[in-house]
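Next, two complexes with subunit A in common: one pairs it with subunit B, the other with subunit C.
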Partner chain A sequence: MTNTPLLQSDRARPWACAGAVILAAGLYGWALLMAEETWQVLSLLILAVVATGVAIKTGFVRRVERDWAASETRLNRLAFAVLIALILVLSGAHFALLMISTVLLYFVASLGLNIQFGFTGLVNFAGAAFFGAGAYTAAVLGTMPMIPPILILIAGGMVAMVISLPLLIPIVRTTGHYAAVVTIAFGVLFRTFLEVNEVLGGPQGLMVNSMKVFGWDFYDAPSVGGLDISFYVNYALLAAGLAALVFTLFRRLERSWIGLHMDAVRLDETAAACFGISVKRTKIQAFLLGNLILGVSGALYGMMISFIAPASFTFSDSLLLVSIVLLGGVGNPWGSAVAAVIVVLLPEKLQLLQEYRFLLFSVLVMLVLLFRPEGILSRQLRNFFPDRRSDA
Partner chain B sequence: MDLGLIAQYLANGILLGTMYALVAVGFTLFFGVLDVIKFSHGDVLMLGTFIGFTAWLGLEAVGILKPWIQLLGVLLCSLAGTALIGAAIAKWLILPLKKAPQLNTLLITLMLGTAIREAVRLFYPNGSNPKAFPALLPNSSIEIGNFALRADSVILVVSGLALIGLLNLVINRTRLGLAIRAVAQDEETARTMGINYTLVVLATFAIGSGVAAFAGIMNGLYYNEINFGMGLILGLIGFSAAIIGGLGNLYGAILGGFLFAGLQVIGAALLPFASAYKDVFAFSVVIALMAWKPTGLIPERSSDRV
Partner chain C sequence: MTGPLLEFRNVVKNFGGVTALDDFSMTLAQSEILGLIGPNGSGKTTSFNVLTGIYAPSAGQVLFEGQELTGVNPRAVYEAGIVRTFQRSRLCLSLSIYDNIMIGDTSRLVRGLWSNLISRRALEKQLDVTQRQARDLVATFSDHLADRMEQPVGALPMIERRRIEICRALISGPRLLLLDEPSAGMTHDETHQLMDDILDVRARGDGLSIIIVEHEMGVIERITDRCIVLSYGRKIAEGTYAEVAADREVQNAYLGTD
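Showing the complex of A and B:
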């Protein structure tokens, strides 16, 4: 690595290129969310493809990557600010805000899967089940007025974690295909259980009460200075906060000893054990933490869409979550963000694709696996000293 | 519980077990030769059943109405078509990924399964609705007390078991079977002994897929209904059966298939208040079995190479 951040003090503003990319992405997101006609969406897509091609050809991508390595914290903050700005700018558009929140929550869920799959190498084919466990928890607890909403979110994660406890023994003892069957069986089991269970609404599903903070119903649209503001603003901001929190956690985890242990376990269990890493403990940590994150995002998702049914948490949905991780690039959170936008937003924007989305994404993932197994954005080397420069 | 009911459950369990064993055998064969899981197996099975159904529609249209000839035509088209599809998947999707991590093969075939399922749902005429599969077998039944033994289920079980027996003979008694076993044991040595590796792999995938298509037709004939989602659940069950039996072992797959059917039947019989929980019960036991025997009931003989 010759382009370590330590050697870059010669460049005046080592964040300019990446900053421009973030601002452009924000602008692009706004345009995409506001585009109504099919031709507008299609031309925006073509624009994105052309821009990416040009960026790769001219070496702009490498500069952006270097920028990122040099001043990661600052750029992450900028990205968050752009996201908040985007939400506020779109504060009147219900649908656009719903889309943003959905993308953010799928992004958070995919971070949970990334900890399991990307770091530790545990495939979880029951992602939608743990996501659904969170949503159902929100539905059940939402009927009790005395429970504060933040607690419901945490409870959603806790429940997802607790129901994954019985899976720990088989997950830890099995490897490879044998481990895959455990989560697949659990996903099917969970869905069937929800469908036949009368208490949880059966196949019809449940209504979820909206979020109330200090007696303020999130569905009461706030009105600031006579401006009409969509009630989704609350959820979008909350989802953005959650995404930022989980993202930070994810980055910290990656840089910590636990993250190193997880990578070691993925790369070679035997070697990791030889170096004194407890393979079991690492796997358990990754599995539980990932499911916790899935459950929290599911709880917020349930409160936001206010109606949940077993049909939303099928095996196909689990595969969609796995697709996000694979498309984006295993272990790379930014890749997952891009992939979440593609997977969630594209079918909604191109209505003619809606019916074909599972087909489209399965073929897309097959092509990625065949021709670019590392995904859209491949995982970078660990950046142990972000923002550290020789003159700092 | 009276004897008739028990016999009914037993007959049902044997039929389901035969069907599951036929699916599981495919998984175990593929794992044997290539060490991969082809998760699209169930959906290939569904596709095969739809090929058979289309063949039946064609025979009806041509005017061939004798059920036995129709059945023969359906089986021939379905088995041959599915065998070809299985070999094609092996050639263009699975062999190219041989060097990649095993998990990628699992993922790519999972996605392929979704693609096949969605393609049938979207592009087969009226594909999202269940189709009425013709009852081509005699529908008479023998009444013993309050237990009705359906002639078609007897024929299905006998032919299914015969197919498993035939497969066993092919694997253990023929030159092709010898080649398959050799490749399963050690690919490189098999190659140096002059075995055409690619051909053996393709043949194995063709055989496994054809056998699964038979299970699909069985399913269609018994329930008289097929739909685009039938492959997913049959594939899942077949996969679980192969895993709890122990991958790479023909007898393990058969054992696993019957075990899973037994679990479902026991679940349905013991939980009469909610027989809908039978799958929940069966999959819970599968998870518990995995915790107890992490490499299946009849584990493959292997050692970790570091």
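Showing the complex of A and C:
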């Protein structure tokens, strides 16, 4: 965490810089999603790298962070509005909307991992398994018409949480590498189980029925004023809503006694225990809550892509989720958002990279750990009630 | 006050073949300051770790206010009103001073998910109360530090970290404070200041008892009512500082015999 004093900004509009960044990010996102040619994508990438470098060197990042601390709610709302606007502007573009939704759902999943790893220090290399558990739950329950699909999302999270229960024993008893190995084993077991299980479609996988809200099927694309609107708009909007909801809960968790105790457990278990914090309870809360979030995002992801197979939820996919957390900045949700864009969008946009995407991410993670170990955006000091700051 | 506040009865702690505490018995009275001294490896910190539930004793009993406190977990020890500082200060360096001190107030804070995430009225109230208490506590040591409550602890010098550790221990209103080498890593002047701090704490008159492990004999001489000297896990002397300093066996333990 960096030392950013949470002082009131002395400028007249303490949100102007950060607001401009949000609008620029929206515009940039639109350009990147619309870019077709490799040279366009490459020049946009170079632009991003140069802009980020300049922003870090000139202290602009600090300034934006200060803005954010000063008027957080306003800026969060602006970011959400820009996201919705971006979705609506792109309402005819299937592929762009699929990308946005995928980024959003990976972002939500990475928030789950951040509660485990970023707050509590629990390493989870089976993220894709819990994500997949949610998707498979959606596939199975989706065939039963009497279950409302919103409930299916929750059920996806519950199933992910329940299958993680056996892992609690090693997670609570061991630390660091040992716990990591156990989760790796679990992820591999999960995939093998799916592959040999005929009821769940075996290696070929399963169809997933689409989302329905009050009898309205998400695959019935609405048509507004004669314009064709992609059915992905529904999913993108729902994913945006889910992301906003989970983001809010994530922030509240961070800024609560539970979040404080998670930090204490990560930083010094013994000292935490000497001050009455139940290390066991804290770890269990973090692990289950994280897996619940992974499962919910997986369930919506399954409904959206409408076809799932064991090959989509492998160890490599778990590593991808972990690399979002590491790249973005451990414990910082905005960092994860940026990293989710990089990890999801980059290989899709640069098809020549598709083959090498894991190589690319490994190099990227190593570079970040070498030169900016706290991640692209470092975690800020806790500010329990940011909106009250002004009268303090 | 009838019985002693704290009592060790024939406590033994073995690590494999090594006996770190050997048949150690002692008592501590209400509002007493007891010094625990002895050469390195004589079992001072081990006795703290046994008392705070980090290690379970191999044999013997620990009683606090007449209640059995043998081999319970650290949380139960904290809830009974015993808190400590650590030899190598164990603060969360990336967290603010507020956060670090509020970690010490766990027993009074709401724990449920609902009241932490959804309906946060109680949390907000507790935050106000606890932050004000933390600030007041820090201000008794240093006004300068009280103006920097939102800065991360990692940026502070050793003496300030010790003070924060002591505040973290005191915020829950404990009965017994254990100080494990508070002067470690500090200059002579800083040690002097910290002694004043500890005497200030005591002067507040809320009946707090203190056990202090220390190598700096000046500290022990100035602030303790009574001392216990340990050597190879055994108690070899007990009395006021002047008494134990004159003890032949104590001198041998520190300087060796010829």
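Going forward, the second predicted complex is superposed on the first by the 375 of 392 C-alpha atoms of A that agree within 3 Å, B and C clash if a C-alpha of one lies under 4 Å from a C-alpha of the other, contacts with A are read in each partner's own complex, and residues count from 1 in each chain.
Throughout what follows, a residue touches a chain if its C-beta (ideal position, glycine included) is under 8 Å from a C-beta of that chain, and two chains touch if they have at least 3 such contacts.
All values reported here derive from a predicted model rather than from experimental measurement.
By the document's definition of touching, of the two partners only subunit B reaches A:Val181; subunit C does not. Residue contacts after overlaying the shared chain place A:Phe193 against subunit B, while subunit C stays out of touching range.
Once the two complexes are laid over each other on the shared chain, residue contacts for A:Ser323 go to subunit B alone; subunit C is not touched. Between subunit B and subunit C, B contacts the larger number of subunit A residues. When the shared chain is aligned, subunit B comes close enough to touch A:Leu359, but subunit C does not. Of the two partner chains, neither subunit B nor subunit C is touched by A:Arg63. Of the two partner chains, subunit C is the only one that A:Ser256 touches; subunit B does not reach it. Of the two partner chains placed around the shared chain by superposition, subunit B and subunit C are both touched by A:Thr270.
Comparing the two complexes, residues 270-271 of subunit A contact subunit B in one case and subunit C in the other. Residue ranges on subunit B touching subunit A, taken from their complex, read 31, 37, 93, 96-97, 100, 102-104, 106-108, 110-112, 114-115, 118-119, 122, 232-233, 236, 239-240, 243, 247, 274, 276-277, 279-280, 283-284, 286-288, 290-291, 294-296, 304, 306. Subunit C meets subunit A in the complex at residues 52-54, 73-75, 77-79, 83-84, 86, 90-96, 99, 102-104, 106-107, 109-111, 113, 116-118, 120, 123-124, 126-127, 150-152, 155, 168, 172. Listing the residues of subunit A that touch subunit B in their complex gives 121, 123, 125, 166-167, 169-170, 173-178, 180-182, 184-186, 188-189, 192-193, 195-196, 270-271, 315-316, 319, 322-323, 326, 355-356, 358-359, 362-363, 365-366, 369-370, 373. Only residues 1, 3, 5-6, 249, 252-253, 256-261, 263-264, 267-268, 270-278, 285, 379, 381-382, 384-385 of subunit A touch subunit C when the two sit together in their complex.
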